[in-house]
Amino acid sequence: MYNDKNSQKIVDIIQNWARKHSIWVLAYGTGCGAIEIAPTMTSRYDAERLGIRGAATPRQADVLLVTGYLTVKTVKRVVRVYEQMQSPKYIIGFGSCTINGGMYYDSYNTINLLDKYIPVDVYINGCMPRPEAVIQGFVKLQQLIAEGKANGAQKYLDNLEWYKANQAKIAPKWIAKAPDYNW
Amino acid sequence: MDMLTLILVIFLGGAIVTWLGNKLNSVLGDLLFLAAVIVPSGLFISGITVGSVTTLNALGLTLTWGLSPLSYLFSLVVVGLAILLAIYSVPFMNGKDKKGAFYFNFTLSIMSMLGILVSKDWISFFIFWEIMTWSSYLMVILNGKEVQKVGIKYFVFSAIGAYAMLMAMVIMNSQLGSFMLADTFNNFQQMSGTYQILIPLLLLVAFGVKSALMPLHVWAPGAYSNAPMAYTSVFSGALSKMGIYGMILVMVTMINQLPEGTLIRDIIAWLGGFTAAAATLWAITQDDGKKLLAWSSVGQMGYIIVGVAIGTPLAMLAALFLVVVHAMFKGSLFMVVGAIEKQTGTTDFREINGLIRKMPWTFISALLSIIALAGIPPLAGFVSKWMLYEALIQNNNYILVILLFFASTAGFLYCYKFLHGYFLGQEEPEWDHVKEAPVGMVIPMLLLALGTFVLGTFPQLLFNPIDNALQYVGYDATGGLLWTDSVLFSQWGNVVTLQPILYAIISVFVFFAIFLFVKGKKGKTRYVSTKDISTSGEIPKEWENLTFKVNFFQPFERAIEPFLKRQIDKYYNAFGNGLEALFEFTRRVYTGNGQTYAIYAILFLALLLLFRVNLFG
Amino acid sequence: MIAKIKAAFPNAVNKEYDGNRIDFTVHKDAVPGFLSHMKDQLGFRHLSHIAYVDWIEENEFEIVYILWSPEDKVKLFIHTRIDRENPVMENIDMIWRQANTYQREMKEMLGIEFPDMVAPDEFILEDWDDIPPFRRDFDTLEYVNRTFWHRPGREDAQDVRETISKRSGEEIPDFAKKYSR
Amino acid sequence: MATFVLAFIVGMTYGGIVRKITARVHNRMGPPFYQNFIDAFKLYSKTSAIHHGAMHFLGPAFLMVSSIVSLMIVPVLIPGGDSWYNSWFTNMNASGDLIFLIYIMVFGSLGLALGAGQTGNPNSSIGVTRGLSQMVGFEIPWVMALVALMISYKTTSIVDFINIQQETGTWLMFSHPLAFITAILAMLGMFRYSPFDIVGAPTELASGPVSENGGKFLFTMMSSGSVFAFVKLTLFVDLFMGGAENLVILVVKTFALYMIPVLYGIVSPRYRTEQAVRFFWGWPTFIGLLAILYAVIF
C-alpha cells in the first residue's frame, strides 16, 4: 500500500503544504533589488507572517532571490550557489534586469535572459519592485508550490547539458573548474 | 634466585643484549627488544603473587622485595603499558636512528619502575628511582633537540627530588635505625617532633617533582614533548604514577599520624587543584600536539593529587581509578600523536588538517580517548570525575570543587582543539599521500581506547584490585558501600547506574543514525568534499586553505589574559640569577694565594673552639 | 605655483583654467619623475584619479593623472599621450599604491601594458576573449547580439535619442548616428 | 517515548511563541505559533541532502542522544504524583544525578562540534570555538548555584530535591534566593539568545556550526534543540520551583522561566566572546560565591 499512486499523492499534498507555508529565502543581492528585501521582512510588510524567513547559507535555503542585473562574474557565483541548495528549490527573478537585461541590455557584460542559465520560477516586474510586488511574487510562488508546478530543480536536472552549454558560452574556463552537478 | 630477582635480571640483561643486538642489524634488535620486554612482563603477571617477599643481601645491605596489593595495582599499569608500547615502538622506531639507545632506555625504565613498586626498603627504592630518572633523562635527550633547555631542566628537578628523598632516608635511618619501609611507617611516632614534619615534607617534594605538582612541574611539558612519542606514553602514563605511588605511601602512613596532617593535606589538595586549572589553561594556548598533551597530563595529575590529598575512601577510590584510566587514555593519545608524526612528519596543528578520512582508526582511538579524558559519561573518565566531585562536595571543600569543575570544563576546549587540529578542517592536497598508520601502531591504540570503553560501564573490574589495595593501606572495605558492579554510590546515597545509561545512549544513537540513513536511501544523500562548501559562490582556489587554525581560542585567551602573563618560569629564572650572584660572591672568597687560606684555617679553628663549649659540652 | 613647476620642468606645456586648476602636458617618459616631484616637493599628496581617453583618429591614448594638494587647494591635471598600436606606460604604483587599481583597469579595458606591475590574473573581465571593450573600435551592440540572447518583443521600443532629438529639434551628432536603430 | 513526544511538542511551540513575541516587539504580525512545526516538517521533507563525511553525518545523532538521555534523567513530573499519566514520564529518573546531567549535556555539543569541524567550513569551526568558550563562561556560575543547593540539602539527586521541596513546602527559589539568581544568570548563557548568540551569529558566522547542515540534518538539530530547551526548563522547575504535579502546572512554570532569557535577549545587542566570558566570571560568579557562603552558614 505504501508506494501506490494515490497514497504518494497525499504525501505530496501535505509536503507541498508544508513547503508552501515555510519558505526560507537566500537573498543573493546582486543588484539594486536587495534593498527591497529589508522592508518586506521587517515590520511594515512583514513577510514572516507568511512563513518566509531568511536563511544563512545555501544549504538551508529553499528560494534563491536574484535581485538585480547580473554581470558575467555574478552569474557564475549565482549558478554555484544555486547548485549548492537542496533539491526542492525555487528561484525568483527580481526586476526587469533579470527579465530582459533592463537598461543594461546592450552592455558588454550584462546577462539579458536569466532563465537561459538557471531555471527561474517566478519573475517580478518593475525596475526594482516595491515590497507589495515582492509579497505578490511570493504568493504566486506559494500557489505554484501548492499545485506542485514549481519544479525548477527537476527542469535543471533534466536538461543539464543545455544549461551547462549556455553557461559555458559566457564562462568557458569557469565551467571546467566548477565541481560537477550530478544530483 | 627467586622469581622477582629473575625478572629484574632478565630486564637488565635484555636491555644490554638488545643494545648490542641493534649494533648488528635492526631486525634482530627489534626481536630482542620485544623478547626483553614481553617475556619478563608475562612472567611478572603469571608468576608473582601478592605478598611473596624475597630478601637479597648484596654488598652488605639487605634488600627486600615483595609485591603489596597497592603496588600490584600500579604494576598492572606499568606492565600493561610496557607490553603495548613495546609492540607500538617497533614500527614507530624503524627508520629512525639511535634505535639501540631507545630500546636500552625503554627496557631499563620499565625495569626500574617495577623495581620501585616491588622494593620494600628505602635503599632499593632509591636505587630504582635513580635508574628511572637516568633512563628517562637519556630518553628525553634522545633526539638531541633542545638538550640544553629541556634535558638539563628535567635533570636538575629530578636531582632535587632525589636528594630530598636521600636526605629523608638518611634521617629516618639515623633515627629509627632501619631502612625497611614497614618499620619506618609503623614506629614513625618515635621520631622527635621536627623530624616528624620534615621527613614527610622532604618525601612529598621528591614525589611532587616526579608527578609534576604545580611549583615543581616546570620540567614536565618540555620533557614529555621532547621524548619520542612511544616513550612519552610510558613517561606520562606510568612514570609519573610512581610519584603518586610514593605520595600515597607518605600521605596515608606518615601524614595521617601527624597532628597537623590535615593542614598539609589541604595545601597539597589546593596545589593539585591549582595545577589542574593552570595546566588546562596552558594546554589551550599550545599549538603543538605534543605540548598540548604534555600540559594536559600535568593537569590530569593535578586531579589525581587532589583525590589522594583529600583522603576520604571515595576520593582515594576516584584517584586510584583515575590513575589506571589516565594511563590508558593518555597512553593512547600519545600513541596517536606518534602515529601522526610518523605519517606526516610534523605534529603542529597549524600544518596538518583533514586526516579523518585518511587515518580513520587513529581518529576513532583519539575520539574515544578524548571522550574519556573529558570525562563524558559512557566512558571511564566520567566514573572517576563523578566520584571525585562527590567526594569533594561531601568533604565540604566547595571552592576546590568549583576550581576543578572550571578545569574540566576548560578541558573540553583543548580536547576539541586536539581533534580539530589533526583530523578535521579542509582536506588539503599536500596531505593526500598520508595513509593509515601501520597495524603494529593502531592495535595498541585501539586496545587502550576500548579499555576505557569497557571500564566506563563495568568499573568493578578495576574496583576489586583497588579495593584490596585500599584495605592494605588501611581503609575499610568500600565494596558494598561505594560501588557494586556498575552502580556508583556516594556517601549521601546518590546513585549513578552505568549500564542502563550506556544502553540508553547506544539505543538512541543507533535509532537516530538509522533515522538519518533511511531518509536518504533513495540515493539523494551524497558525500561532498570539503572544498565544496558554501563560501557565497566562490570556488576556493587550490592554494587557498580555508581551515580555521591559527589563534584557535583567541577570544578565550583574551579573556584569561591576566592569568597567562604570570609564568612560574620567571620566578625560577629570578631564583637562578639570585643563585648566580651568590656563587659570584663565594668565588671571590677563593683568592688563590696561600695567606688567605691560612687565615681561613685559623678562623675556622677559632669558631670551632668557640662552639665547642656548648655544642659538645 | 605654476612658476615653481615651470622652474623644475621647463619643457612642460601649461594651460591655465580657473583659479585652482592647472593643466600640464608632459611627455610620456617624464611622467614618473614629474609625479614624484609633485608629490614630494610641491605637496600634491593626493592622487585623485587616473582618467584615460581613446583618440582613435590620432591613433593615440591619452592618460590624465589628477592630483590634489590639500594645503594650496589646487587640482593638477597631467596629460600624456601614448601610442595606440603597442600601448606601454611606466608603472607608477610605487609612488601611489592605489594607482595599481587604475592601471589594472586600463590594462583590461584599453589593453595598455604596464611592464613590472603586480597584477593577479583577472580584475573586472573574466573569460574575456574579445578586444579590450573600452576601445572605440569595439562594437558593443554587435558583441552583445553575438554572446547574449534577447527577449523577443523588444524591437518596437522607440530609440531614446531619436525621440528626444525630434522633440527638441536638435541634430544628432554624426558619431552617435551609428548607434541609433 | 511519551516524554520525547511531550518535550518535542512543548519545545517547538515555545519556539513558535518566542518568534511571535519577538515579532510583536518589532511591532509586526509574526508567524503563527505552530510555524516551527511547519519548518521542521518542510526540512524533513527535503528530498536531497549533503554531508561531508561520517562525523558530519552522525553529528545530529550525537546531539539527539544527549538531549534524550538528559530528558530521561530529569524527572518531568513529581514521581508518585496523583495524576493518572504520571507513570509515563518516570523513566530512568533514579539512575542519574546533577553532576551526571551536566556532563551528558556536553556529550551532544562535542559530537556536533566534531561534525561541524569536519565540514571544513571556517564559519562552523569559529562557531564551535565561540560556543565552547561561552560554555566555560556560564558553567562556573551554574555549578556554583548547584553546589550551593547540594551543600544545604546534602544530596545531588534531583528527585531528592523535589521531595525536599514537597516536605518543607517552600520552593528552593525562596529559601535560596542567591543560588536562584546565579542559576538564572547562568541560564542566559545556556539558551543562546541575543546577548549570547555568538555561537550561531547569523550575520557574522552564517549560523555558525550548522552552516553546512540542511534538510533532515537540520530537522534533527532543531528538534533536539527544542528538546534541550524543554529539559533545561524542567530541570530549573524541579530544582527551584518544586517540580510540577501535572502537565498544566509544568507548562505554566516552564513558560514563565523561559520568558526571562527570551525577553532579556530581544532588547540587548550581541556580546563579543571575551565580553561574554568576562560577564559570566563577573557578577554571576560573585553572587554564586555569596550563595555558597549562604548555604554553608545556614
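We call the chains A, B, C and D, going by the order they appear; numbering starts again at 1 in every chain.
Basically, a contact is a pair of C-beta atoms (placed from the backbone, for glycine too) under 8 Å apart; a residue touches a chain by one contact, two chains touch by 3 or more.
Bear in mind the structure is a predicted one, so any value in this text is a computation, not a measurement.
Trainee: Just to be sure I understand: the centre of a chain is the mean of its C-alpha atoms, right? Then which chain's centre is nearest the mean of all of them?
Mentor: D
Trainee: How many Å are there between the centre of chain B and the centre of chain C, using C-alpha atoms for each centre?
Mentor: 72
Trainee: Please work out the Cα centroid separation of chain C and chain D, and write it as a whole number of Å.
Mentor: From the centre of chain C to the centre of chain D is 62 Å.
Trainee: Measuring from the mean C-alpha position of chain A to the mean C-alpha position of chain C, what distance in angstrom results?
Mentor: Roughly 39 Å, centre to centre.
Trainee: Identify all positions of chain A at which a residue touches two or more other chains, and write them in rising order.
Mentor: Residue numbers touching two or more other chains: 57, 59, 76, 87, 183.
Trainee: Where in chain B do residues touch at least two different other chains?
Mentor: Chain B, residues with two or more chain partners: 524, 526, 529, 531, 534.
Trainee: Judged by the touch rule stated earlier, which pairs of chains are there in contact?
Mentor: So, checking each combination of chains, I get A-B, A-C, A-D, B-D as the touching pairs.
Trainee: Under the definition above, what is the set of chain B residues touching chain D in their complex?
Mentor: That would be residues 354, 356-357, 367, 371, 374-378, 382, 385-386, 389-390, 393, 396, 398-399, 401-402, 405-406, 409-410, 412-413, 415-416, 419-420, 423-427, 490, 492-497, 500-501, 504-505, 508-509, 512-513, 515-516, 519-520, 522, 524-531, 533-535, 546-548, 552-553, 555-556, 558-559 of chain B.
Trainee: Show which residues of chain A lie in contact with chain C when the two form their complex.
Mentor: 72-73, 76, 99-101, 105-113, 116, 169-174
Trainee: Looking at the complex, which residues from chain D come into contact with chain B?
Mentor: 44, 47-55, 57-58, 60-62, 64-65, 68-69, 72, 92, 94-97, 99-100, 103-104, 106-107, 110, 113-114, 117-122, 125-126, 128-130, 132-133, 135-137, 139-140, 143-144, 147, 150-151, 154-157, 160, 206, 211-212, 216-217, 220, 272-274, 277-278, 281, 288, 292, 296
Trainee: Quick one: which bits of chain B touch chain A in the complex? Just the residue numbers, please.
Mentor: So the residues of chain B touching chain A come out as 524, 526, 529, 531-532, 534, 536-539.
Trainee: Which stretch or stretches of chain D touch chain A in the complex?
Mentor: Checking each residue of chain D against chain A gives 19, 23, 26-32, 35, 38-39, 41-42, 45-50, 123, 202, 206-207, 210-215, 218.
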